[in-house]
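Each in structure tokens, the structures are laid out below.
Okay, so subunit A shows up in both of these, paired with subunit B first and subunit C after.
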Partner chain A sequence: MDGERLTLGKVLSAVGLVIIMLWTIFPLYWVFNMSIQTPIDVISYPPKFVFDPTLENYSVVLLGKSWLGKYETVQTDFPRYFLNSLIVCSGAVILSMLVGVPAAYSLARYNFRGKENFAFTLLSFRFAPGLIVIIPLFVIFRRIGFYGTYYGMIFAYQLLTLPFSVWLMRGFFEDIPPELEYAARIDGYSWWGVFRKIDLPLIAPGIAATGILSFIFAWNEFLFGYILSSDATRPVTPSLMGFISYEQVLWGQMAAAAIITLLPSVILAIFIQRYLVRGLTFGAVKG
Partner chain B sequence: MAEVRVEHVWKFYQGEKGAAQRVEAVKDATFTCNDKEFLCLLGPSGCGKTSTLRMIAGLETISQGDIYIGGKRVNDLLPKDRMLAMSFESYALYPPMTIYENIAFPLRARNWSEERIRERIKEVSELLEIQDILSFRPAKLSGGEQQRVSLARALVREDAQVTLMDEPISHLDAQLKARLRIDLKRVQREWGLTVIYVTHDQLEALSMADKVVVMNLGEIQQVGTPEDLYQKPANLFVAGFIGEPPMNFLPCSLMKDKDHFYLQFSQFRFEVNSDIAHMMSEENNQKNNWVLGIRPADIVIGSSVGESYSLKARVSSVEHLGESSVVTVDVDGQQMLIEVPGLSSEKEGSSVSVYFGKEKAHIFNALTGKVIRK
Partner chain C sequence: MSVESRSRQSFWSKNIAWLLFMPAFILTAGILIPFGYSVVMSFTDFNLTAGTSNFIGFGNYIKLAKDPEFWNALKVTILFTIGAVAIEVGAGFASAYLLNLGMRGQKIWRTLFLLPVMLPPAVAAIMWKLMMAPIQGVFNYLLQLVGLPGSQWLGGSSSALFSVILIDAYVFMPFAGMIFLAGVQNLPKEPYEAAAVDGVSSWFTFRRLTIPLLKPVILIVLLFRIMDCLKQFDIIYAATKGGPASATMTISVQAYYHSFRWTNMGYAFAHLVILWAIVYALSYFLVGQWRKAVSEVHGY
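And then the complex of A and B:
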């Protein structure tokens, strides 16, 4: 009786998991479907599950080729936007690591006046929705000439990634026993030597995990990219809006662009999955 | 190797939240560790011994006072410039490195050649019997092995002026502890190391140290050889802290009967000669507030020895510890421990007379804790 129930429970939980998975995956599947359909198939009703797949949406998006009058298209410079996203997100991650690692270290190791208030204020940037700051940021950026520049974008994106990085890495540093540093200092190393030879190797998985998570956050950002970029610096996420033209929405090309946009996040997440979990559970496996 | 002089050193910590009250972790500590001497800082936890050690190491700032290593004032020197070696209670091994790399770490900091490092590590690892685990990482080792590696990393430094040790063998099992005590002492002698060793275990201090600094509540209680501490404790704290089982204390009053002075505990009288009585009354003009201290091993059951004091007592329990027994007796409501060699044949509940030599008794001023020296 008990065994039966257990199997029934197992079956139910498996069914439940499948349902949740379908629920989660279906939109992605649908977008992917759209990306390999012709414009006619995309808007056909009832929706088609069987059709002749085509890669032409991708070639239009990536190569900017127009379809020789067969279908309508808009000229988008998608590879450029992709590169913009890479530049801005990498820049934001590098900046938040350069500033965040020392900040996290000092929050973890030193006592100074207003330390907790400082840390909390930093975190509170994350409480407010970006909409609250975007208008003032826009006005300021226009005034000081940051609007539409890579520097400006990196600075704005860093607002998202830095607080997150500091808080995550602070935890990693706190997990390193201070005695390790004391020992190395007595062993004859300067502060910098200790940091480089003891702290950095220990915290490397944490830095990698934090960096990648920050990158994914930044990559998925839409609002700052939409409002603060010019055409030359537009990242991928707002660029997807470009497929909405006067006459119609170019669903197929937009879907293809969306799939390409997804790729870096998915690839990063898959490749560093184990690393990521290890980084995030760093404190649980003290040596 | 070099001598270490600690002169009037204080350590204050500012209270939490900027409170006005400051915590005094070390108060006016002064002692000298001579060249090639094994000095123990001994005291209960929180007595300031580790703070003192860390100030010598340079891991804590010195709030007030001076520390000299080899005649050079080191207050403002960084730890790396003080030429010390140290082993930590928490081992503090570097997790990503192998044991070999861990031990080589301080030598590499000083640009030793790899060949010289290899030879030196061989020597030290043989001493501590860790040759077989040199290729492992610290996480794979047992606590005892980690502690030995931590010791090895401190001992590998030939050039260290002073070797500091913070409870280096406290996490080992009793057998290994006993062996390492002997090994450490031997190495210190043979290599002529100057060692400052922090421990809360009086056995470690008494068995290894040339000189012991007993601390309590941030203050140095007594500095002396292990024999001094045991035979001539300077105050009640040292008397009670050193020795196992601990010294018996009897609260007494100083009385005068005609020309004779005596200390009275309950119905029992212990005569003291007039010189001591005068010293006592100079120290403390109150009649009460005296403590008579006597070590469990200095008490004899049943027969008097020379010029001795005697008490009538009732045996309340007998504990056999192998080579000796500890008999607990009750003297008018006051418990006393008596250490008897071999198996004691005393019966619980029986009445006994106990004796102790006059010269073995220690007299303390209960108000200040200070001993009255004869």
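And then the complex of A and C:
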């Protein structure tokens, strides 16, 4: 009797797991499926699960070659958008790390007046609606000539990545017992020596995880890039909106562009899986 | 050591905390300027095409109170938030339970489960838009296979809001799930052993032990998801642009139209200040509740 109930529970659990996995995987599978179909297959009904796969959509998106001259393509400059994303996201992450590591160390190790208020001010930006910051930046950037420049965009993107980095790395520094530092001080190391020889090696994985997560957030960002970039500096995520007006014809290319855009985020995320819970909650939950 | 270098060193060591923190503070203070600008300009008739920016007091806010489109946007924003958060918390909890049973291949399932949370939300919206197409879309095909009627999905005025809620749930349900999972894994063993000895029913254990112990984690999920849903822009804009006929027009999207379509910046700022005030008040409340729950559970 007891064993039977256990089996029923096991079956139900397995069914539940299958449903969750289908829900998670099917959209990714299906869009990939669409991305390797010809323009005829992709709009056929019923939808095709079996067909002759083609990489033509990817070559159209990446190289701008049209479908054997038979179908239109959006004249997007996808490789350039990709490069723009790399420049802007790396710039924002490097800047965040350069000023974020000392700031996080300071918050973790020292007490100064207004410290907690500053820390919470940083955090509260996470909850501000994006447009309340982005519209004024748009107006100001137009006036001072920053609109559509890499500098302007890196500045805007670091507004997302820096508060996050400081907050998360503060937690990583707090995980290092201060006693280790005292011991090294007594051994005659200078402040810089302690930081370099004791703290940095211990916090290196945390810094790497923070940097990668910041990069993913910046890569995934849509609104900042959509509004502050010109066509020459448009990052890849907002550039996808360019495919929408042609959606009836260009489903396959749109699917291919979506797959290319999400790939960097997903691959990087798998590497830092261990830090995801901690990262996504700003360190509030130490998974 | 000369007097000069000693005094320099003491300046350095006395102010080291500030000196280390300052660069980051200056860079993020960059956010206060545009933010303050928004608040101040919400009291003007700032219009980019007309070139006006006269102080009009609470004019924009009075106009808001009388604007049926604003009330619709507020309603849509709240319905979107309630729907998305309910699905994400419910399904997230169920997923965390299932992924913690020790079924075969659990590590792989956990990794796959996390994937959507790292997708760019705008890209996820485009993916779902492709699948939700009313005529050739795969969803209607699958529904028809099992004998159910198809839906207009994002294109129908009654189904659009539910459709964008589904997209938000696709991306962020794993966020709730993985945090619940971390919470469940960190649960202390002793109270459960005691409950087992006392022969307490599993439902009672769940309600009286698991839920209270998980309260901090539940509040963190609510905090992040409610805040994000209230200000969600990417998914809705990429999927429907607020349509059809304002069915998915949230305050953020409405403000976008007022500013970048119609250049009524002042009026857009009034929308955003109200939204920000709602978000801020709620987050203040939830952070307070979270701290209380943490001190109850962990005793610090």
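The definition used in the following text is that the second predicted complex is superposed on the first by the 263 of 287 C-alpha atoms of A that agree within 3 Å, B and C clash if a C-alpha of one lies under 4 Å from a C-alpha of the other, contacts with A are read in each partner's own complex, and residues count from 1 in each chain.
Throughout what follows, a residue touches a chain if its C-beta (ideal position, glycine included) is under 8 Å from a C-beta of that chain, and two chains touch if they have at least 3 such contacts.
Computed from a predicted model, the values in this text were never measured in an experiment.
By the touch criterion defined above, A:Glu179 lies against subunit B but remains apart from subunit C after alignment on the C-alpha atoms of chain A. Once chain A of one complex is fitted onto chain A of the other, the partner contacts of A:Leu263 are absent, as it touches neither subunit B nor subunit C. When the two complexes are overlaid, the chain among subunit B and subunit C that reaches more residues of subunit A is C. Looking at the shared chain after the overlay, A:Leu55 reaches neither subunit B nor subunit C.
Of the two partner chains placed around the shared chain by superposition, subunit B is the only one that A:Leu202 touches, whereas subunit C remains out of contact. Looking at the shared chain after the overlay, A:Leu83 reaches neither subunit B nor subunit C. After overlaying the two complexes on the shared chain, residue contacts for A:Ile40 are found with neither subunit B nor subunit C. Residue overlap on subunit A between the subunit B contacts of one complex and the subunit C contacts of the other covers 287.
By the touch rule above, subunit C contacts subunit A in their complex via residues 13, 16-18, 20-21, 23-25, 27-28, 30-31, 33-35, 37-38, 41, 48, 91, 94-95, 98-99, 101, 103, 109, 111-124, 126-131, 135-138, 141, 170, 174-175, 178-179, 181-183, 185, 217, 220, 224, 227, 230-231, 233-234, 237-238, 251-252, 255-256, 259-260, 265, 268-269, 272-273, 275-276, 279-280, 283, 290. The touching residues of subunit A, when paired with subunit B in their complex, are 113, 177, 179-180, 182-190, 193, 197-198, 201-202, 287.
Only residues 18, 54, 57-59, 78-80, 82, 84-86, 88, 90-92, 94-96, 105-106, 109-110, 137-139, 153, 164 of subunit B touch subunit A when the two sit together in their complex. Those residues of subunit A lying in contact with subunit C across their complex are 13-14, 16-17, 20-21, 23-25, 27-28, 30-31, 34, 43-47, 95, 98-100, 102-103, 105-107, 109-112, 115, 118, 121-122, 124-137, 139-140, 155, 158-159, 162-163, 166, 191, 216, 219-223, 227, 237-238, 240-241, 243-244, 247, 251, 254-255, 258, 261-262, 265-266, 268-270, 273, 276-277, 280-281, 284-287.
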